[in-house]
Structures are given as structure tokens and as C-alpha cells.
Amino acid sequence: MNTYLLSILIFSPLLGVLVLLFTPSHDEKSIKWIGILGTLLPLGTALVTLSAFQMSGEGLQLAEKFQWVSYEVFQSKGDVSYPIFYEVGVNGLSMVLILLTSVVSVLAAIASFSIKKDWKSYFILFFLLEIGMLGVFAAQNLFLFFIFFEITLIPMFFLIGRWGYLEKEKAAYSFLIYNGVGSAILLIAFVTMFMKTGTMNFEQLAYTFSLPQSELNQLNITKNFKMGMLIALLVAFAVKLPVAPLHSWMVRVHVQAPPPIVMIHSGILLKIGAYGLIVFGAGLFPDQFKSLAFVIGLFGVINLLYGAFLAITQRDVKRVLAYSSVSHMGIVLIGLASVNEAGMTGAVFQVVSHGLISALLFFLVGVLYERAGSSNLKDFGGVAKKMPIFAGVMLAGGLASLGLPGMSGFISEFMAFLGLFEKMPVLAAIGTLGLILTAVYVLRAVLAITFGAEKELPNARDLSSTERIPAFILLAAILFIGIYPAWLSDMLRPTLDVILLGLGG
Amino acid sequence: MLQSSWLIPLFPLLSFILLLILRKSKSESTAWIGVLLTGISLVLSVGVWLAVWQGDFIKVEGTWFQIGERAITMGYEVNPLNALMLVIVSLVSFLVHLYSKGYMHGDERFPVFFAYLGLFSFAMLGLVLSPNLLQLYMFWELVGLGSFLLIGFYYFKPEAKAAAKKAFVMTRIGDVGLFIGMVLLFWQVGSFEYDEIFASVKNGDISSGMLTLTALCIFVGAIGKSGQLPLHTWLPDAMEGPTPVSALIHAATMVAAGVYLVAAMYPLFQASETALTVVAVVGGVTAIFAASIGLMQKDIKRVLAYSTVSQLGYMMLALGASGYVAGIFHLTTHAFFKALLFLAAGSVIHAVHTQNIEEMGGLWKKLRVTGPLFLIGALAISGVPLLSGFFSKDEILASTYADGKYGLFWLAVVAAFMTAFYMFRLFFLVFTGKPRGDQSGVHESPGVMTLPMIVLGVLAVVAGYLNTTWFGTFLSDYLARGPVELPHAEHHGPGWIPIVATAASLLGIALAYLIYRRGALSRDWMTRSLPGLSDVIYNKWYVDEGYDATFVKGTKGLSKLGILFDKYVVDGLVAAVVSGVQGLSKIGSRLQNGQVQSYGTFAIFGIVILLLIVALTGGYFS
Amino acid sequence: MSSIPLAAYLMLALILFCIGLFGALTKRNAVIVLISIELMLNAVNINLVAFAKYSINPGLTGQIFSLFTITVAAAEAAVGLAILIALYRNRQTVNVDEMDTMKR
Amino acid sequence: MDLDTLFSFEWGVMSPEFIILGTATLLSIIDLFMKRESSRKPLAWLAGAGVLASLVAIFMQLDQDVTSILYDTYRLDSFSKAFKILLLLGTLLVLVLASNYKKEDVEENRGEFYYLLLAALLGAMVMASSADLITLFVGLELLSLSSYIMAGLERKNKRSNESAFKYVVSGGIATAITLFGMSYIFGLTGETNLFRIAENMGNVELLKHSFLIVFAFIITFAGLTFKIAAAPLHMWAPDVYEGAPVPVTAFLSVVSKTAGFVILLRVIIITFIAAPGIGSEPLLLQVQPYVMILAAATMIIGNVTALRQRNIKRMFAYSSIAQAGYILVPFVSNSSLLFELIWFYLLAYLFMNIGAFTVIQLLTSQEGSNDIGVFRGLFKRSPWLAVPMTFFVLSLAGIPVTAGFIGKFGIFMGALGLEPAHYWLAAVMMATTLVSYVYYFNIIAIMFFRDGDSEGKRVSVPGSMAAVLAFCAASVLILGIMPDLALDFFYGNFDVNEFFMQIETEVHTHDH
């Protein structure tokens, strides 16, 4: 049974879709419960997968492989077939991200209690989105990865465009087109690699590209080709991450999309960019990646500072958080650019950590918006009075975001910078400015809402018991990783070691 | 005993958790949870200290997580320096807990306050117990969190909110320095462990430039935490917090963490002459600078706050001038008398419900306990002989002189004079003369508040005898057992130094007496004679305004600029592409004009152009 | 036998084709347009026949081809005229440039 | 040629065509004898039965070797079988659309549409099955002439008239251009049989006429772009699509376009495969940049202009122009995947476009408007219409899990698989695909995000239409998830080498 475990995991949300199809669309309550139960199923499966997963095991686990698509090509050198397989599997990195996905999905489903209309189609799309996200991290070849990658786009387009706020359609289009650009570049790069090497499997590709140049010449793979491919991949994932100046779509999405979807989006979808950079960028083209490390680091620092500076004077708390995401993704780049164990681990930690933190913060903002019908900082003040738990959690989330020790954000920032300081101390020192700015904008926003003279809110209720579940679980996870990072780093180490081995230590 | 020292911080943490759960409780007996648990910590600390006194040290570590082959460790360490700190911290914390039981009476978030106190105590004790820089850094930040929460305890007050934010951000600037220094050291040494760092320093594995750089970076951290110039502005503002908090955090413990940091990393500093000089200069300048501001403040707590900054400057000066023991000695005595002063000030505020000294006066008779205790504190800090401050300050002056830093020496003497002056200005204005405000309901504070003050008062008197040339240098002998190699021969400067110091402080007291008690000199005597200077001093040298005009405005400006950039350049480029496509679309649909004949014409044109291209580029006619 | 070179036929056909094209693209009267198209097709016929006789590889199929072309052209003209008549019934005009209700 | 020779041919291989021809004849006769006011719907069923029978006949021929009769004017090879399946399938679905097509201002009960449709289909099938310029031309014209009439079938509708007239004029000019090119091909080689043309093209003598060859190539190619609605002869498409009845538009955009690609493949690939270019390079390699320009221009014009369209049929016209541009890309790359790529894409295109036109027909005839606003709030009103439509549109946009994605992926493989890879063509294709997202997703946005005033007005869907919808939607999805179903079918039954196989069976006897 274990052999199909991953496929079951990936497609388990389909059960929810199926059940929903036969649920009357006006039955709000059962739909919402099905929505939550439907996301619990993948979570359960993910936990089973985790138990089947050997922590210290190297390489791919629980792999599945089936012939899928086959093009037969008749070329002068003889019959060459270009088979495409359905290949899934997990290593430490993808296991972590799959877990993150399934957890955040459940919490977002709970947060979806605030959705006001069309619950049925909302949850169907939600489930499809989850399939895409799980699949992206489990896919072991480019084709499958791309398919799941695109699968996430379409439900997102709908979810933003139908359930978002005022300028939702514009945001949905922004999302679609920017990500379309990313995936377009991705597709060209993938197909080119496929046609050059005849395989789409990650490991085989990595092996092929690591062959000595004399053998690569027979495949017509030059150094420049590799560099070109890497740059294409970097650009493609830079859109997703996003890297300034390709970030404006993300800000729009964060402002306009419904809160549970933003939880998912900033919690997981942005992480696909980071995942791609690690697996494809560093994993396939280590030498070229190393030679571009400075540029990546530079962009990381730019991202960090740019996002932070822009967050400082935003008036809308959603925009603050959006730019904060830009800024925090800079830390991922910083970690990657350092090309050492510390940096890489830091980057992955940042992926997970930001996933949890931003999910938490956007959840809270959603609550706030539901209460007040606004997310403008001016409309708030002294919320701590009427909503002390809310204020406490929000403050905790903010502190986690600014990298307070004991919370996950610290570990990731620490390790990413630790990594970069080894390789590019000056750049890293400039980057640390971002740590100060982060404190400035996070406190400004959080304190503007929770502290100060109380302003009347139309509907100031503290977190209800359903709302507390996601808030507390996320907070607990943030603390857990912050206090006991070894759990995560041990899981990641074998995978990162392989990548680092390619990078030459 | 030592094996259980790791429990010391955990009791306050337990207190934090318990009280957070009980946060809605209206009962004020919840305070006893905090008092009791910190009391246990105190007992343990004293036990540990005694063990260390007998020469037992301990260091326990375990792997926290691994980065590649390198293990990042966590654990605890007890050595003379931090055992002393443990006692100071847990003692003051315990006393402040007790005091707050009375001071916070009636506050609707009573348990929360004690919870925060617990969190802070946990962090501070954890900081002290840390065996490596990383762990120290983590607690360092948590201490900042505790401070932040307590400054902002009255969250509904805009000033408190601003002060909390300012405290956090300003100290974070320093923290980043510490962070950089720590990480740089890591890549030099391969570890965050103090031992290994010191070993590398000793072996000369680190280039001298890097040594200076890392030492300075770490010192930046100390500057931020200890409110040294130029990052001092948050500390006076932090007085927005409840007064016990000021006593605990912003006088005795957290702000001393900077000094502790420099002391804990002393071998690193010793290895770099430049770093030591910088420490000394920053300390000396801060001492006199803050003292000068203290001269003219009207808020009782702010005067004390500037006094704290100034005294911390003294400690830095001592450390910078190779007066390791002197620095720590002053840290110890200062913790007691400054906590005493703050608690006494709190008692005063508790009585008169104002912090403005202009509205006080003549309280001596009404506050029969607080008054004398305040006087003890004032005498101690002013360096009046036989009280604790006298000995420690004397030692600092002596080491500075012996280290050859004569300029700083005289600076410190002047600062001592100023200290005496503003402290007694405060004392005379508050306790003597006629009441200048409504003092109808004024009465002495309850026992839970006076008791801690009395304890501190006793300590403020006797703590000085820890290390004297007359009775014995217990402290320096004790510290000498630690990992730090003390600078050879603690300086015993020329015999005239105590006389000069005493003279300076007595002169200050006398001047204050003349102006504020006797009225022999007009109060605005200085204002009139040096209007420009007094204006500058009164406005705290315009540092806040300067920062506001440069860094704050600059950052905001940059941010606004960034927003414009985002809007017009980043989005503008996209808009340009979009309108380009739309333009093409427009052309495309214009061409589609409904005339079938023009369609044909376009087609023919297309074919002809294609043929032309073929003819020109195909090479058929060459 | 004949002194007229192939190129001359081809040129004639080309000119005829262009005339037809010009007519088809510029004349307002739809009937003339249809006739012009016939002219173009006939230009092709000249080509075919000339090639059948004088090309590098002469062959009879060219003439057969032209027969088919003529037939098809006739059918096309018929269909064209039929459509034109339907149009005329609805619109009372045979002006090509008035037939532009659908555009952009 | 005497009767013996005539009877010696294997006429059986033409059975699919004969079935269509017979059905068309039968229909026209039945139509004559039917009463004016009786419904012509049975004719549609009969026509459908004929198409189905023809389809069965083709499936029975799958194992048959390459057969050629009538001196290669008719040949049965894998290529013809593969593409005839597409043509028949497309026509079958269009027939269902047509049988449900009603418009108030059109006199009903007219049977000619069905046999015209079959005639057009016959022409297309002949194009797929011929290797002689003359028969190809005749097939092309049979298709064209029938289409002209079909476009103008709504005699009283001015738009339909106008559409038909524009079609005729454009078509006439295109025919002339094609023929002009063909005449040069003939002139250079003295043959009309494609294989013998190819042989003669390799003749050394022709080297000095290399410009004429490329001239013939360009002219012929350009002329043939008319049928597939690609640049430069694409401009008729929006106007004709807009004015023609929806089933006809569907036919034009799918079956007629497929036939256009078929003839393009036949004429261009076989004829010029051995043609010399300048230097040692073959012509087909040398003209790649020019075809590339045409493909790129087609993609750009189609997608960019579609952005401004409010008329749904017009939008789909531009969309189909763009799709033609995509399918031209494999022509450029000339990779060995050429046939399966085009075949698969056309198969996918058939399902997604006919599916979309089914929805369009249902909506436009109910609302009496062609404005894109007919989609407003469709998801609320008729989710079972909106969801399949979403699949079709996503497939047209090339989003994964739909057949359109696999098709596009294949095209990319073709474009990027060769040395040197056509990066910029792939880039143009990707960029224009992105542009297409805007208008494709606009349809989706209107269906899902805008709850219009027409809320509650459900769209009634006749059973046969629902069947078409379900079939198309399922196919789009299944081919997107399991493309091997189609690819294995292709590889299992067709051998692309047969395309180039010349059969030398009969000896020429001209003894009369």
C-alpha cells in the first residue's frame, strides 16, 4: 500500500470535491464542515507519510513511477523516444513543504468560515488548489512539476477573482499574467532541457548536467547553455517568489484576495518559488549557481531592504504585510546565495517559518477586516482593550515576523545571515539593516492596531473559539520550530547535503 | 547546587505562563505566585553564588541543532561573573515583585504585569547563564521583549506606545551590531562558545583588524542595551513604564546587560587596544553628557534615567580603562542604589500621583520611610564616603587615571560633580521646602513597598565593602577565579583621587543646597548666564530632534520615495507594456475595416513584402 | 517552331494576373470584382498551358489542369453571383465598399 | 485508360468517400421529395449516420497498407486516415450543432445545409487522400464552394450575405494565388503528381531557377494560408465567422482549418522536400525563417486583436487565427514530430473549439445577441454550461490537465528540440499565449465573477447538444490527463513514413 501513498496524498482532496459535488449548494454549514474535513484527510495522509518517511534517509523515498506520455522521435541518429513519466517521491525538503501545505490548508479551511458566498464552488476550488500545491512538492520531474504548478494558478485565479475584495478582478488578472510569464519561461526552459537530455527526471537531469564537459558536448550542452537555462529558471521563480521589481502582483493579491486564500498564497504558493530555486537552480546547475551567487545575494538584499522600506509608510495593514513578504523572501535569496549549509538551511527555514507567520498574520488581518470592515491602520487603535487575545496573538505574530528569538523567524534569519556572512560579509552587513527596518514597520503596524487610544470598532469581539484554533496552532508551530529547530534541520539535512555536495561543499 | 542552576530562570518562566493563564483573575493575590517563584530563584541563585565563592564552576551544554557538521549548542554556565549577576538580578527581581504588589494595586491587568515581570526575569537570568554568544543573543533579544512589554504596559497611552516602540527599535540597532559581531566571530572561530572564542583570541588565530571589528560590533550591542551615546534616547523615554519596571529593567538589570556583555567578552576587548579605547571614550562621554542633561530635567524619573545612563557610562569607562573589577563593582553597587532610588521615586509618585518635581516639595515629613531611603540612595550615588557608590566610583577614577586616560579622568570627575548636584537638586526639590502641589491624600506606602526599599537601602550602604582597599578586595579576588584574566595589578591610583572625588561630590551637594534649599543662588542662575547652553541642555542636546530630522525623516522619505518608485517605475513599466499591447490591438482592429478589398490588399502587400525579404536576404540574386 | 519565348507567356500571365488582382481589389462594383477574379484564374491558365508546352519538363497534364481550373472557375463564378444576388435582394446595392457592417 | 484498368483499381479503399458521396446524393434527393413545411431534422440524422458509417469504414481500413489508385490521384496512407478521422469527427459534431440551430428570421426546414456540409467534407477528405495537384485543387474547391454557400445560408440575413460574399471574394483571390503558385510548381517540374514533382525538384537543372522555386513556394504557401486563416490571408476570418451561422463558423474554424493543414502538409512537405536551396541547404530549411515570420505574425495578430473584441464569434475568429499560428510552428521546426504534433493539436483543437461553439450557439441563440455579455453570470444560471466552457477556454489557453496544454507542449518540443532551437519563436508563442490569457480568462471572468441582471434565466440545453458538450469536455480532459490514449492510437495505427512512400504499382499505358 505504501507504494501509492504519495499519490493518495496528492489526490486525497479529490474526495472532498466529490462529496461536495453531491452536497446542496445552499447548505452552508455542512459545506464548510466538509471543507474542513476534506483538508483533514490530506493532513492525515501527510502524517502517515511522515511516519513512513525515514528522517535520516538519503535520497528519494516513497517513489512512484509510471510511464505516462510517450513521444516517439525518429531522428537521424536513430529512434529516440522521449518518454514522460508520472514520477512522485519525497525527500526531506519536499516532505517538510508537504507537511506545511497540509497544515496551512486545514487552518485556511477553518479560516474560510468567514467566506460569505458560494461556499460550494469555493471549497471545490480550494481542494483543487491543494492538489496542485501537494503535487508541486511531490513531483519528481519537470513535466509533472509544471502541471501541478499551473494547477495552482487556475483555482487561485477564481478564488481571488470571485471571493476577493473591491479590486479583485484586477488582482486576479495581475496574478494570472505575472505567474503566466513565470510559467511561460519555465515551460520553455523545461522543454529545452527535456529535448537536450531526453529526460525530465530531477535526478537524471542533475546527473546529466554534472557530466564532464567532454561528454556534454555530445549532447550539445555548453556552459553558456547551462547558464542560460539557470537564468531562465531564476527569472521564472523570481516572479513567483517574488523578487523586486516583479513583486507588484503579489502585493495586489495580498491586498485583494480573501484572507484564507492569502494565508495559502503567502504561506505556501510563494514558497514554490523558493523550492524551485533550490531544486532546479542550485540542484541542477550548481556551478553556474555558484557563479551567480553574488547576484542572487544582491537581489536578496535589495528585496529585503526594498520590501522593508516600502512597508514602513504603508497605510493599509495588508499592504504592510505584503511588502513584509517581499522583504522576507529576500532572506530566502540571501540564504541561497550563501551556498553553504547554514544559508541553505536558513533559506528553507525561512520558507517554512514565513509560511506559518504570514498565514497567522493574514488570518488575523482577516479577522480584523471581518470585525471592522477596514484594514486601514488609521481606523484602528487600542484594540487590545476589547480584544486582548487577538492583540496578544497579533503581537506574537509580529514579533515572530521581526525575528524574535524563540520563534521560527529568528532561526531562519540567523542561519541565512550566518551563511551569507561567510561568503559576502559586506553585503550581509548591509542586509542587516533590514533587521532594524523590519522591527520598525512590524511594530508600527501592530502597535497602531493594538496599542494607543481606543477607537470604536463596530463589531469588536475577541477571537471566537473557532478562530482561536488556527491562531494557536500556528503560534504553537512557530514557537516549536523556534525552540526546537533540530526537528526540522535533521529532516532537511540529507537532502540539503546532496545539493550542497553538487555545489562543492 | 550548581547542577540545578539551570532551574533558576525556569521559575520566573513558570510564573509567566501561570499568570498568563490567570490573566483574567481579579484577585491580587496572584502576585504571590510571581513573588514566590522569583523567591525560589533568588534562593537558588544565592546558593549557586556561594558554591562559586567556594571555587566550583560548571558548564553544561548539549546540541541544539546542527548546521552541517557544526553543532550549535545550548546549555548553561556558572562562573564568578555570572553568579554575581544571578544574585543581583534575582534579588532585584524578587524585591521589585514584592514592591509591585503594592505599587500596582488596583490595576485591572494586575496579573499580566506580573506575568511580564516573570518573562523579563526569565530572559535576564537566561542571558546571564548563557555559555555562548548565540544563546546570549537570544536572551538578549528576549530581555528586550520583556522591556518592550513592560514599557508599553499602559498600552492605551500614546506616549507609552511610542516609548515601547522606540526602546525596541533603538536597542535593535545595537542588537544588529552584536549580531554582526557574533556571526563574524563564528566564521573566525567556528563556534559561538566563549571558551573557544577566548582560546582563539589567545592563540592569535584572529587578525587584529578582525578582532577590533568584532569587538566594536559587539560593543555596539552593548551601547544599544545600556543606553550609551548615541543610542541612549530610548532609555529616558522608557520611563513611561510603571516605576517598578524602571527600577528592575532600566536601572538595575537589563541596561547593565551591556556592561555585562563587555565584561563577559572581556578577553576579546583586551586583545584590541582600539576597542578598549573606544569603550572608554564612549563611556566617559556618555557619563558627562547624560549627567549634563540630568541637571535640568523636571521629571523625577527622567532625572534618574539620565543618571542611569551616566552611571552606565561610568561602568563602560571603567571597563575601557582596564578596570574590569571596577566596572563590575560599580555595576553591583549601582544596581542596589539605583533600584533603591527608583523604588523610592515610585513611592513618591505613588503618594503624590505626579512625576513633575516642580509640583512636589516638603515630602520629608510625610514620607518618613521613603525620604531617608531616598537620601541614602542619593548619598550613595553621589559618592559620599563610606557608602557603596564612593568605593566603586573611586575605583573607576583610579583605574582611569592609572590607565593614562587623563582627559577621561577629569571628565569623570566633572560628571561626579554633576551627579551629586542633580541628585541633591532632586532631593531638595522633592523632600524639602514647601509643598508646591496638592498633597492632601499623601501617605507613606505600604509595607510591601517599603520593605524592599529598606533591603536595598541596607545594600546601598554596605555593598561597597565588597571591594575596598581598607577591608579587603573580596570582589576582585572572587572575579579573579573566573575565566577572565584580570588586568595585572588592580590600579591603586594616587592617594589624592578619593579626595578629589569626594570634593567633587560634596561640591555638587553644596551647590544644590545653596540653590534649592537655601535659595542663595537663583535657580535660573545658569539659564541666565548661559542661555544658549542651558537651552541645549534642557532640550537634551537636541539629540531626539536630530535623529528625527535625519534618520526618521530620512527613512520615511526613502520609504515614500520607494512607494513612488513602485507606483511609477515598477508598475509604470508594466503599464507601458500593457498599453503597448493594447496599442497593437487597436492597430489590428483598425486594419480590420470591413472592406474585403482592403483585406486582399493587405494580403498582397504581405506576400510582396515577404517576397522582397526573400529576394533580399535569401541570397538568390547575389 | 515558335519564336515566342516562355518568358513572354509568363510575363503576359503575370500582367494579366496583376490586372485581375488590381480589379478585384479596387473596383466598387461587385460584378466587376468577380470578373476580375476570373481574370486572375485565366492568367493561371495561360501559365499552365505555356508551361505544358515550353517548360523544362513539358507535359500534357498542364492542359488538363487548366481544364479543371476553367470548370472550377465557372462554378466559383456561379456561386459568387448567386451570393451577390442574395445580397442585392437584401441590400439593393452591389457596391463592395458598402458591405462593411462587420468590422474591427 | 479502358474499363479493365478502371475496374482493376481497388475502389474499396475509397469507401469512406463513397459513403459520404452517396449520403449527400441521397439527402439531396430526399430533400427534393420532402414537403416544404416538414422538418428537415431527419436529414441531419441521416447525414450523421453517413458520417458515422464513413468513420467506421476508415477504422476498418486502419490495418491496410498504403494503397494508391488512379495514378496516385487517390492514395490511402496513414496520413490520410489519421486526418480523415479528424475531419469526420469534426463534421459529425458540427452536424449535431446544425440540427439544433434555430433562428427566428430564417425560414426553417431547409435541407441543403446538410448535403452542402457533406460535400464540403468530401472535398476535405479528397484533399487528405490525394497526391496530385489537380485532385488536391478540386478537393479544395469543392470544400471552398460548399463553404461559401453555407456561410450565406441565412438568405435574409444581411450579415450572413455579407459574410458569404466576403468569403467568396477572398476565397477567389486566394484560389487564384494558390493556383498561380501551383502553376509554377508544375512549370518547374512538368508534373502534377506530388511524388514525381519531388523527384524532378531534385533535378540539377533546376538549380539555376532556385529563385523561381522559392517564389513558387512562397506563393503557394501564402495562398494556402487562406484555408487555415493564417497571415497573410487571414483577414476574412473575423468577418465571415461573425456573419455565418454558428454551426458554419464551427465548421470553418475546425474542419475547414484541418483540411487546410492537410493540404498544406501534402503540398508543401512532399513537393519541396527534395527541392534545392542556395548552397547545400535544402529549401525547406532555408525558408524556415520566412515561415517563422508568418507563424509569428499570425500568432501576434490573432491574439493581440482578439483583446478588443466584444463579439464572441469575432473573438473566436481571432482566437482561431492565433491557433493556426501555433500549429504553423511545427511546420517551421520541421521536426520529426511534425505529424503527430499537428494531428494531436488539431484533435485537441477540434474538441475544444467545437465544445466552445456549442456553448456559444446555445447562448447566442437564446439571448439573440453575439455580445460577450451573453456569458454574464452563466455560472450562476447554468453551471453545467459554464464548467465545460471553462474547460474549453482553459484548453484553448493551453492550461495543463487539458488537451490544449499537451498540444502546446508538443509544439514546444518540436520548436525547441532541434539544433539550433527556435528560442525566439517559442518566446513569441509563449508571449502571445500570455496575451491570449487576457481574453480567454475574460470569458471566464464574465461567467464566474459578474452576476448580471440575467440571473435566473437558465439556458435550455437539448439532449444532443448536452451530449456534444459532455463528449468534448470529457475528451479535452481525458486527452489532457492521458494523452497517451491518442498518441498510442496514432503510433499504433499510423506510420508517418507512409506519407513519403511512393507506390509504383501500375504501369502507364496510353494505348488508345
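For reference, chains read A, B, C and D in written order, and residue numbers begin at 1 within each chain.
As a convention for this text, contacts are C-beta pairs under 8 Å (C-beta built on N, C-alpha and C of every residue); 3 or more make two chains touch, one makes a residue touch a chain.
As the structure is a computational prediction, the values presented were derived from the model and not from experiment.
Novice: Per-chain Cα mean versus the mean over all protein Cα atoms: which chain has them closest together?
Specialist: A
Novice: C-D or B-C: which has the larger count of contacting C-beta pairs?
Specialist: Counting C-beta pairs in contact, C-D comes out ahead.
Novice: Between subunit C and subunit D, what's the gap in Å when you average each chain's C-alpha atoms?
Specialist: 25
Novice: Just curious, how far off is subunit C from subunit A if you go by their C-alpha centres, in Å?
Specialist: Each chain's C-alpha centroid was found; their separation is 64 Å.
Novice: Report, in whole Å, the distance between the mean C-alpha point of subunit B and the mean C-alpha point of subunit C.
Specialist: 95
Novice: How many angstrom between the C-alpha centroids of subunit B and subunit A?
Specialist: Centres of subunit A and subunit B (C-alpha means) sit 37 Å apart.
Novice: What are the residue numbers in subunit D that touch two or more other chains?
Specialist: Correct list: 165-166, 169, 173, 238-239, 308.
Novice: Could you say which residues in subunit C touch two or more other chains, in rising order?
Specialist: 21, 24-25, 33, 96, 99, 101-104
Novice: Hey, what residues on subunit A touch two or more of the other chains?
Specialist: Answer for subunit A, listing residues that touch two or more other chains: there are none.
Novice: For this entry, which pairs of chains touch?
Specialist: A-B, A-D, B-C, B-D, C-D
Novice: Can you check the complex and tell me which residues of subunit B touch subunit C?
Specialist: 589-590, 592-598, 600-601, 604
Novice: Would you pull the subunit A residues touching subunit D in the complex into a rising list?
Specialist: So the residues of subunit A touching subunit D come out as 67-75, 82, 121, 143, 146-147, 150-151, 153-154, 157-158, 161-162, 168-169, 172-173, 176-177, 180-181, 184-185, 187-188, 191-192, 194-195, 220.
Novice: Which of the residues in subunit D come into contact with subunit C in the complex?
Specialist: Subunit D reaches subunit C through residues 133-134, 137-138, 141, 144-145, 148-149, 152, 155-159, 161-166, 168-169, 171-173, 175-176, 179-180, 182-184, 186-192, 200, 203, 205-206, 238-239, 242-243, 308, 314.
Novice: Contact residues on subunit D for subunit A in the complex?
Specialist: 335-337, 340, 379, 394, 399-401, 405-406, 409-410, 412-413, 416-417, 419, 421, 423, 426-427, 430-431, 433-434, 437-438, 441, 444-445, 448-449, 482-484, 487-488, 491, 496
Novice: Considering the complex alone, what residue numbers of subunit B touch subunit A?
Specialist: 23, 63-68, 70, 134, 137-139, 141-142, 145, 152, 155-156, 158, 160-161, 164-165, 168-169, 172-173, 175-176, 179-180, 183-184, 186-187, 555-556, 558-560, 562-563, 566, 569-571, 573-574
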